[in-house]
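Quick one: structure below, then a few questions.
Chain nomenclature is as follows: A, B and C, assigned in order of appearance, with residue numbering initiated at 1 for each chain independently.
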Amino acid sequence: MKKTLQQILIWLAVVWCLAPFAWQIITSLKTNAEIAHIPTIYAPVHPTWGHYQELFSRKPFARYLWNSFLISSVSTVVCVLVSAMAAYSFSRLKVRGARGLQVGLISISFFPTIIFFFPLYELVRRTGMANNPIALIVPYITFNLPFATLILTAFFRTISLDIEEAAKVDGFNRWQILMKIIMPLSAPALATTAILIFIFCWNEFLLALTFMTRDSAKTVTAGVASLSGGSIYEIPWGAIAAAVVVSTLPLIGLVVVFQKRIIQGLTAGATKG
Amino acid sequence: MRFRTWDSRFWMGLLLLFAASLVGCEKRAESTEGVVVLNVLMEPDTTGIWRKLFAEFHERNPGIQIHHVEGPTATDAREDLYTTSFLSGESAYDLVYADVVWIPKFAAAGWLEDLTDRWSPSEWDRFISGSIEGSKYRGRIYRVPTQIDGAVLFYRKDLLAKAGERPPATFDDLAQISQKLQHPPQLWGFVWQGKQYEGLACDFLEVLIGYGGFWINPDTDQVGLDQPAGVAALTFLTDCVQKWKISPPGVTTYAEEQSRQLFQSGRAIFLRNWPYVWPLSQREESPIKGKVGLAPMPKSDDGRPASTLGGYGFAIAKSSHHQDAAWKFCEFISALPQIRRINQATAIQPALKSFYENSPDPVQQAIYRVLQTTVPRPPVPQYAQASDILQRYVSAALTGRLTPKQAMRGAASETRLLLRRTRTSKGRDSHAFPMAQLR
Amino acid sequence: MRTPAHNKKMRLEDQAFGYLMLWPAAIFVLVVAVYPVLRILWLSFFTQNLGTGLHPQFSGTLNYVRLLKDGHYWQTMMTTTVFTFIAVSTELLLGLWFALLLNEKFHGRSFARTATLIPWALPTAVLALAWAWIFNDQSGVFNDLMMRLGLLSRPVAWLGSGPTAMFSVIFADVWKTTPFMMIILLAGLQNIPEDLYEAVQIDGARAWNSFRLITLPMLMPSIMLALLFRTIQSFGIFDLIFVMTGGGPGGATETVAIYNYRTFLRYLDFGYGAAMIVVTFLITSGICLLIYWPLSRTRGARALATERAVEKSEAM
């Protein structure tokens, strides 16, 4: 009895989490008449791909996706690399001043983006970097550094010092030890960190909305959000729903494949902090 | 060995990604094979007329091409897009398809090219004077007006005729007829734009002038919102929703399109909207075809009928590298043949006087009469802030969070603070807007 | 193996190498975080807006004086506080409940965990559009479901009036961020040693007692951490509300971050916006201290709970 109740509650929670997204899939497949129909139609009678076609033909949607992918990947790779270096220093080498940097990093993670927004905007304006992916990549790297160094520092501490000693004897220098021994050994932690950073970058909105003013430079998050009211005759909810689905599919994929890692990474970030 | 390959593959991948990101940031399409490309952000081209005109312009001027960037329909959303673009210093746009109210702000920020000397005064005089006034900042002209807009009261002639009523001349008439004839939710009395956005400021301004009030006097910086006329105006709009219930509760979320859809589906007696509604309502499939009349906005005994001046025109971005090409386009698009075609396709009302002087169409004459009643919004650089203050308070009253009196008091005192604090540091040019608010 | 000289040389190299490894991170932090904070402080003492032709003019504390008198700012601050309080406390309760459910072993647990992660992983700005559609007054599915369930007699324009719009954005925010709460609390739950529960079970305590005596005190640090983090984030909320309601209707859902954004990019009132950031930051910090203070005390609470449980098991 208690078991059944529990099962029911669990599935309620699952439905609660999935329903809003599932509703977008359904809406995106309905015809405009079905979308506007009252009472609401829950199962499309004439499923159509029309809204998806409309999406890609009216807006450079493929370009949005590509921009997001590019900016997120570059930020992720550089951020992982930079934070691995810093984490190695934090975990292995007693450097004076490191503590200050650690405190600085942690405080960044507590500041909302809006604090940094305007001065960064000025910088972008002055250096003529608007619409250049680098204008987003550099802040994205920085915003994810605190979190990434935290996880990697904790992980590096678990790697036995003996391996490094042995490598030293074999004539490896510090850089080689980091790149050829520590990094490969930390592959799982690196992957976890990378997935989380990628998701954060993909989802960032404020800077993406304001630093990228050209349609061809927009990321998918900002592009989709500015889609509303894109038609003079009707608010194209079908196309918006299609946009929601397409722009979030890569993330759904990541979550489905890497569910365990994401939970591990988030908890590591949270509990170590 | 295993480590080495991992290492080199990693660096290769990183290098490739960087290369890709540099490819991704190619400059804006300025010229393809010697053709100058002019970028302009506009609302979506649903009729296809702009595409045709751009193509025709390109045919006549093979060296110039217009690239239409589709933006959102909401005016202030497009204003924000232009603003962020210009502010970023890397403007994506050569031409600005600019609303009347953007001109003071954009010109004050130094983003627009001064066009005054490009034409002689007699050439500028070909446009309806209100549209030129709306293109000026401190006496200089920054925009070639192509369109002039003014609010029209659309009404269902069939329903009014059946009940033996005439189009309302006063606000009281409007409310009475609505209450008498409506049976919500199938048929509402009066629909308008109550969403918290620029359209609400327009709707309110008309009622305000109709009650004999004023918003901001640009010559003296006086704010008139908390005078009795202001409170009366807001009380009327609030009563439409809350007391008489002649406007649907959703009207507080309606922009132009939502209100038009309700009217066009035959579910409203009166609609306050812009002239573009007329041809749409007369389409073959429209349930209200042949049943619609046009009238100026109502007034009270103390005021006069007022119609908020709106309308777009083309301005040239100071940052554009192709100003002469952009001017060529301005000349092309503001000429009568093009203007006529835009009007045929979209019902956008031309700013050219000659269009009306030669038009045999009685509906055009009726609209021309409404356009005589147009009032501009206060032409101050901080208009956006003033408008946002007003929208916030009017919307708060409409949704019942403040009484009309509280709302107008709050709006007036914040507006005064806004004008006082920004006007102290510089001298004002009082000759800039001679006719402005109190015509 | 190692001579003392070798050891010393290695340590020197380590210092230099350690610095080298920290430099990239330090540069990023300096440019993207430290510089902006200093710049904002500096700018907040200048007037730079359309009134000054966008040129900065030193104006002392004028911006701060203006801010104190700006009813709009304090209204958005109030809105943000109400939003944060309701949203974060609801998320906490719901997240705790989810975490307790998912901590049990059951068939399909992996699937359930994946499903509950989905809201967290999706972009807020995009999902805000999805929620605007769900709460649409004419064809929104929320109205339809409520009417089918008999909870509403006629459609409501959810985003059309202040309280319902606030309800809608809080609803969406709770949906979006409950998974984050859940994950942190789940980690906390998994850190509680099993034998603590065994001790209490032998003691004959019922489920509620074991929750009250062990789970809750042991979970306190996680709860406080999650609260702290979510409160800060919620005070800076922008994406969700900006896209869903734009702050409307009547500014009923306008948060500080949205007003701040508009001050910069719509009103071009730069110095004033900077002052607004400084004041908002101070207020947020104050609230965080209020939360952090009990956090530092719960360490003691946790130790006490452990002690009590151990005592009991030993007494057996």
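Structure notes:
Simple rule for what comes next: contacts are C-beta pairs under 8 Å (C-beta built on N, C-alpha and C of every residue); 3 or more make two chains touch, one makes a residue touch a chain.
The structure displayed is predicted, hence computed values, not measured ones.
Judged by the touch criterion defined above, the protein chains are all mutually in contact, each touching every other. Distance between Cα centroids is largest for the pairing of chain A with B.
In terms of C-beta pairs in contact, A-C outnumbers the other of A-B and A-C.
For this pair, chain B with chain C, the centres built from the Cα atoms lie 38 Å apart. Mean C-alpha positions place chain A and chain B at a centre distance of 38 Å. Per-chain CA centroids place chain A at a distance of 17 Å from chain C. Within chain B, contacts with two or more other chains are made by residues 84, 87. Among the residues of chain C, those touching two or more other chains are numbered 138, 265. Shared contact sites, meaning residues of chain A that touch two or more other chains, fall at 121, 209-210, 228. Partner chain C is touched in their complex by these residues of chain A: 6-7, 9-11, 13-14, 16-18, 20-21, 23-24, 27, 35-40, 82-83, 85-86, 88-89, 92-98, 101, 104-105, 108, 110-123, 138-139, 141-143, 145, 149, 169, 174-175, 178, 199, 202-203, 205-206, 209-210, 220-222, 224-225, 227-228, 237, 240-241, 243-244, 247-248, 251-252, 254-256, 259-260, 262-263, 266-267, 270-271, 273. Residue ranges of chain A in contact with chain B, taken from their complex: 58-59, 66-67, 70-71, 73-74, 77-78, 81, 121, 124-126, 128-134, 137, 179-181, 184, 209-211, 213-217, 226, 228-235. The part of chain B that touches chain C in the complex is made up of residues 76, 79-80, 83-84, 87, 105, 108-110, 195-197, 249-250, 252-253, 381-382, 384-385, 388-389, 392, 395-396, 398-401, 410, 414, 417, 421-423, 425-426. Partner chain B is touched in their complex by these residues of chain C: 47, 49-54, 57, 62, 66, 69-72, 137-138, 157, 159-162, 246-252, 262, 265-269. In the complex of the two chains, the chain B residues touching chain A come out as 3-4, 6-7, 13-14, 17-18, 20-21, 24-25, 28, 43-44, 46, 69-70, 72-74, 77, 81, 84-85, 87-92, 257, 261.
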